[in-house]
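These are the structures, in C-alpha cells.
Two complexes are shown next, each including chain A; its partner changes from chain B in the first to chain C in the second.
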Partner chain A sequence: MKYQSFVGLEIHIQLITETKVFCSCPNNFGDEPNTNVCPVCMGYPGALPSLNEEAVFKALKVSRALNCHINEKAVFERKNYFYPDMPKNYQISQFEFPFGINGYFDLELDDGSVKRIRIHDVHLEEDAGKMIHDAYQSRLDYNRAGTPLLEIVTEPDLLDGREAELFVQQFRQLVRYLEVTDGNMEEGSLRCDANTSINLPGKGLGTKTEVKNLNSSRFVNKALTYEIKRHAKVLDKGDTIVQETRLWDEGSSTTRSMRSKEDSHDYRYFPEPDLPPFRPDAALMARVEEAMIELPNDRKKRYEAELKLTSDQAVFITAEKNTADWFEAVLAAGADASQTAAWLSGDIQKILNKEGKSIEQSPFTPERIKELFDLINSNRISNNIGKDVLQAIFDEDRDPSAIVKEKGLEQVSDTGAVEKVVEEVLAAHRAVVDAIRAGEDKQIGFLMGQLMKATGGKVNPQLAREMIVNKIKRSE
Partner chain B sequence: MDKNELFKTAALAKLKLDDEEADKLAAEVSAMLDNFSAMMEADVEGLEPTTQTLQKENRTRSDSTGSSNLSNQLLDRVPEREDRFIVIPNVM
Partner chain C sequence: MSDIKRWAKALTESADSYKKYVGSWEEKIGSFLQFDPEAAQADSSGQGLLAVIPFGVKDNIAVKGFNMTCGSKILENFDCPYTATAVENLQKAGAVPVGKMNMDEFGMGSSTDNSALAETHNPWDTSRVAGGSSGGSAAAVAAGQVPFALGSDTGGSVRQPASFCGVYGLKPTYGTVSRYGLTAYASSLETIGVCAETAGLTRDVFKAMRGKDIMDNTTVEYKPSGKDDVETVAVLKAGEGDLNVDVLRSYKTSIARLKDLGYKTVEVELPTLKYVVPAYYVIATAEASANLARFNGIRYGLAAQGAETPSALMEETRHSGFGDEVKLRILLGTYVLRSGFQDQFYHRAQKIRTAILNDFNRIFESADALMMPVFPTAAFRHGSSDLTQLQQKAADLYTCSANLAGLPALAVPSTIEEGLPVGVQFMAPAFEEERLFRIAEKLEAVFPAQKPEGYSQEWKA
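On to the complex of A and B.
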C-alpha cells in the first residue's frame, strides 16, 4: 500500500466496585430492570452526586500502570447530550483535567520487538443505561446508568488492525492483572472503539473515521483492516474521506455509516458544579504505589530468563494472573520450576479444561501438587501413575499420598519382588527373548509392556528394564 | 444568532422549531449571548478558574451500598411501564 495508516483506540472498562460511581446503588446491572436506581442516578432535581473512593482508587491504579502523569487536580465535567439512555441529559465525565495524562504502554509485537504506544489520557465517567428497541417503543433499564466506567484513550501510534488487536489483548491482560475489571468483551465490560486514518507517507494524519461495536479483539483487527482498505480505495479514486462514525457488521464483515454524532464542542462540556475537584494526596498515591504489581510482560520475561521456562510455557502461565500466582505458590512450596511448568501446561490444564474449572477453584492446591512431585521424584510412583493420581486428586479432593496408599499404587522397587515378576514374563515369552538375543532390542519394549500389564504399572520401570536386559544377556 | 446555528442547537436539544419561533428566539438568544460576551471581556488574567466556592477538600464516599431502596417509589412515578421497564416512544 502506498499510504501510511494510523490507528488510535478508545477503550472503556467497567470497574469492579460494590456501588455506582456517584451514588450508593449496587453496581449490579444483571438484576431485575430498574431495581438498582435512586434519585441521583435517575436524575431527580436536587439529588447530589458523591464520588466513590474505590472507583477513584482504581482509576489511579490504571493511570499509574499506564505510566501516566497524575493530574494534581482531577475535575469532573458534564458532557451534555439528549438521549434517554441517560436520565440526567448529561453524563458526568472528565475532559480538561482527567486523572491521568501523557502515559505510555509498551506493546509487544509479533516479532518480539517492543513498540511504545502513547496514552493520551485515562478518565473516569459514568456508564449509560440499557435500551431495548422494538418498532414502536424503547424500553429503558437504568440499572447500569451511573456505574463506573474508565476510558483509556491512546494516541494514533498503532499501525494497523493487527497491532490494535495485540494492544487490546495485552491491555486486557494488564487490567485483569490489576483486578480493576473482569475485561469480558462479549459481555461489554471491556468495549473498544477504533479510530483510523491514512495518508501519503510524510503527510501526517489523514481524515479519520471511528468504528464502533467491536466486541472482540479479532473484530478490532478485521474492522480496521477493512476500514484501511476502504480509505485507500476512496483516496485512489481521488475522493475524500468523510469524517464519521461507522458500525462494524460481523455478518457481512464490513463497516457501515452510522447516524452522525455530535462533534466534541457540541457536548458543551463544563465543570460539574455538584462535585468538587479531586486532589489525590500523598497517602492515596502511596496506596496506589503499593498496589502496583509485577506486570504480565515483566513476569513473562522473568520466567524465561530466571526460571528457564520455554517461551510457550511462560506465555501460557502468565496469560492469567491466577494461573501465574498459583504457579508461584507451587514453587514457594518447594517444587521445581520446569517440572511445575510442564505439568501445569500439560496434564493439569487438560483436566481443568475438561472439567471447566479454574485452577484456584480446583482441588489442586500447591501443597498437593508439590507432594505429588515428591512421590514421583523419589520413585515411589511412576510418572504415568502420577497422572492417574492427579485425576484422583481432582475427583476425590484428597491428598496424593493418601490416594497412593489406599489404592496401593506405590511402585515395586524391591529387587526380589521385581525379579520374580521379570522371570515369569521371560518364561512366558521365550520366542521374544530369543529375538532380543538375536539383536532385536526393540522387543524389550514388548516385554516391559507385559510386565506393566502383569503388575498394574506399579513396577519401577528403570529397575525392571535393567533387570530384563541383564537376565537376557547373562543367559547368552 | 445565525438562524442555521439556532436550528442546529435546537436539534442537539431535540427541540423542533418552526420559522416563526426561530425568528423570535434568534433575537432572544442573541441578547443572551451578548451578555455572555460582556462577561468574557472581564480581565481574569492570573486567576484560577473557580467551579466551587464551598468545598475546598476532597469529598468522597466509601464504596458500600445504601440501606434504603426507593426504586419502587421511583417507578410508581413513571408515566408508562411494562413490568419494571420504563417505556417511551421508539428513539432509534
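On to the complex of A and C.
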C-alpha cells in the first residue's frame, strides 16, 4: 500500500468493585432489573455522588502499570448529553486532569520485536444504564448505571488491524493480571472503539474515522483492516475522507456510517462541583506501588530465561495470572520447573478443560501436585500410574499418597517379587525369548507389556526391563 | 419557660389552636406548599436541643413523608423517598418538620413569584413579595407559623427574603452543612441556610444541622479559629446610587447603632463587587444547565403524554414542565459552556470568584466582620412595576458575593421603614459564624423584634 496508516484505541473496562463508583449500591448488573439502584445512581433530585476509593485505587493501579504520570490533582468533570439510560443526563468523567497521563505500553509484535505504544490517558467515569428496544416499547435497566468504568486512550501509534488486535489481547491480559476487571469482551466488560487514518508517508495523520463498540479483538482487526482499505480506495479516487463515527457490521463484514462530525455532541465539559479534586496521598501511592506485580510479558521472559521453559510453555502458563501464580506455588513447594510445566500444559490442563474448572478452584493444590511428583520421582509409582492418580485427585479431592496407598498402586520394586513375575512371563513366552536372543530387541517391549498386564502396571518398569534383559542374556 | 420551649406545645397540648393559627395566616400569605405536622413526626427523636419544635422546610429539600416539588410543575407530584442529611440532623435534635415552603421554581428568583404552584405574600403587606427564592420560609417565620424554616441560599435566597420579612437569615460557610438532599441549582455556590425568629435560635439550628457527611464529599470539618469576639467591623461604603432612600436611611442607622454598641468601625470598599453579578450568573446558570438535565420524565416526576420516542418524551416533558425563568437560565448556562467559549465566560467567572475572595480576605486582615446591605430595596410589589426581572438580578450583588467566596453571612433585621422591615448583612471569615451571632445578639437589644400585624402567639398560652 502506498499509504501509511495510523490506529488509536479507546478501551473501556468495567472495574470489579464491591459497590458502584458514586454510591453504595452493589456493582452487579446481572441481577433482576432496577434492583441495585438508589437515589444517587437514579439521579434523584438532591442526591450527590460520593467517590468510591476502591475504584480510584484500581484506576491508579492501571495508570501505574501503563507507566503513566499520576496527576497530583485529579479532577472529575461533567460530560453533558441527553440519553434515556443516563439518569442525570450528564456523565461524571474526567477530562483535563485524569488520574493518569503520558504513559506507554510495550507491545510484543508477531515477529517477537517490541513496539512502544504511547498512552494518552487513563480516566475514571461512570457507566450508563441499559436500554432495550422492541417493536412497541423501550425498556430501561439502571443496575449498570453508576458502575465504575475506566477508559484507556492510546495515541495513534498502532500500524494496522493486526497490531490493534495484539494490543487488545495483551492489554486484556495485563488488566486481568492486575485483577481490576474480568475483561470479558463478549459480555462488554472490555469494550473497544478504534480510530484510524491514512496518509502518504511523511505527511502525518490523515482525517480519521472511528469504529464503535467492537466486542472481540478479532473484530477490531477486521474492522480496521476494512477501514484502512476503504480509506485507501477513497483517496485513490481523489476523494476526501469524511470525519465520522462508524459501526462494524459483522454480518456483512463492513462498516457503515453512524454519525458525522457535524452531528457530534458538544459535551460542554466543566469541573464536577459535587466532587472536590482528588489528590492521591503518599499512603495511597505506596499501596499502588505495593500492588504492582510482575507483568505478563516480563514473567514470560523470566520463565524462558531462568526456568528454561519452552516458549510455548511460557506463553501458555503466563496467559492467565491464576495459572502462573499456581505454577509458582508448585515451584515454591519444591517441585521442578520443567516437570511442573510439562504436567501443567499436558494432563492437568486436559482434565481442567474437560471438567470446565479453573485451576485455583480445582482440587489440584500445589502441595498435592508436589507430592504426586515425589511419588513418581522416587519410583514409588510409574509415570503412567501418576496420570491415573492425577484424575483420582480431581475426582476424589484427596491427597495422592492416600490414593496410592488405598488403591495399592505403589509399584513393585522388590527384586524377589519382580524376579518371580519375570520368570513366569519368560516361561510363558519361550518363542519370544528366542527371538530376542536372535537379536529382535524390539520384542522386549512385548514382554514388558505382558508383565504390566500381569501386574496391573505396578511393577517398576526399569527394574523389570533390566531383569528381563539380564535373564535372557545370562541364559545365552 | 423559654419561648422556644413553648413552641413544643404546637405539636402537643396546643396542636389544634396551632393548626388554626397557621391556617389563618395561610389564607393571607400562602407560605406553605404542604402543611402536615404528622407526616414525618415519627422520624424525629422527640428529645434534644430542639425537642418537638416545629419547623418548615423549603420545598427543594428532601423530607421523606412529604412531596418535593421545587416549586415546579415538573416535580408537582413527586413523593420524596428520602430525607436530606441536614433535616435528619435536626430530627435527631428533636425538631419536627411540619411542612414544605413555597419558593421560586428551583430557587431561581428573588420574589417567590416564579413558583409554578402557588403565590406567597409578604406578611407585612400582602401586595408585596416575601422575597426569594426562600420566600415561603421567611414569610412563615415572620408570621409566627414556625420559629424557624430551612431555606437554600445560592445567591442570597435566604438572606434577601429574611430581610424583606424582618427575620434572621443565615447562609453558612460552604461545606459546613451537607447539601445531600438539597435539589441542586448551582452546586458550587449554594448551601442550606436557615430563617429564624431570633439570633440565638439561628445558632442552635446551625449547630444541630451542620457536620461532615459521607453523602456529600464537599462537606468539611468545622474548624473555627476560636476568636469569637468582634471588635472591629468593616462597613461597606454605600451611597444614594447604591441603595434606595429607605434602605440607605436604615443602613446609616445600623452604622450608628454599631458605633453606639462600642464596635470600632472602618469604612471599606470592594473593588470587585461590580463584577460579581455577571460572574454569579455565568457560574450559576452553567451549573444549573447540567443540574436540571435530570428532569426528563423518565424515572419520576411529570411525564409528557403521548410521546412516541424516548427523546420526544424528554423534550415534551421539559417543554411543558419548566417555567420561563428556568428555561432562560438553562439556555444561558448551555450557551456559556459551549466549547470554545469557556475562557470567555466560565473560566473568567472563576477568576472573578478568586478576586472577590481576595477582596474579602484583605478586609478580614484588619476587621473581624464586615457589614453590608442585603438588597438595595425593601420588599417590592408583585409583578415588575417596582423592579424588572433584570433589575432583580442586578440587585443580587450584595448577597451573591458571599456565595462566590463561600463565606458565612447573616441577614439581621434592623429598622422598619415606611411600614416594611429592612435588614442588614454581616459577613465573616470561613467558620466564624459565631461572630455573626454575637453581633446579631447585641443588635437585638437595640433593634427589638418587630412583628407584622396579625402576629400572635396566644395559642401557646
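Observations, loosely collected:
The rule is short, and it goes like this: the second predicted complex is superposed on the first by the 468 of 476 C-alpha atoms of A that agree within 3 Å, B and C clash if a C-alpha of one lies under 4 Å from a C-alpha of the other, contacts with A are read in each partner's own complex, and residues count from 1 in each chain.
To be clear about the criterion, a residue touches a chain if its C-beta (ideal position, glycine included) is under 8 Å from a C-beta of that chain, and two chains touch if they have at least 3 such contacts.
This is a predicted model, so every value here is computed, not measured.
Touch criterion met: A:V56 reaches chain B, while chain C stays clear of it.
Of the two partner chains placed by superposition, A:N213 touches none, neither chain B nor chain C.
Among chain B and chain C, the chain that touches a larger number of residues in chain A is B.
In the superposed pair of complexes, A:A135 makes contact with chain B only, with no contact to chain C. In the superposition on chain A, A:F82 contacts both chain B and chain C. Judged by the touch definition given at the top, the superposed model places A:M42 against both chain B and chain C.
In the superposed model, A:Q339 makes contact with neither chain B nor chain C. In the superposition on chain A, A:D266 makes contact with both chain B and chain C.
By the touch criterion stated above, A:P276 is placed in contact with chain B and with chain C alike. Overlap of the chain B and chain C interfaces on chain A comprises residues 39, 42, 44, 50-51, 82, 84, 131, 138, 140, 142, 266, 273, 275-276.
In the complex of the two chains, the chain A residues touching chain B come out as 17-19, 23-26, 32-39, 42, 44, 50-56, 75, 81-84, 131-142, 262, 266, 271-273, 275-279, 281.
Remark: chain B residues 12-14, 49, 51-52, 55-66, 69-71, 74-75, 82-92 touch chain A in the complex.
Every residue of chain C that touches chain A in the complex is listed here, in rising order: 60-62, 68, 70, 75, 78, 81-82, 84, 179-184, 186-188, 214-218, 286-287, 289-290, 293-296, 298-300, 310-311, 313-314, 334, 337-339, 342, 346. Considering their complex, residues 39, 42-51, 78, 80, 82, 84, 87-90, 131, 138, 140, 142, 266-270, 273-276 of chain A touch chain C.
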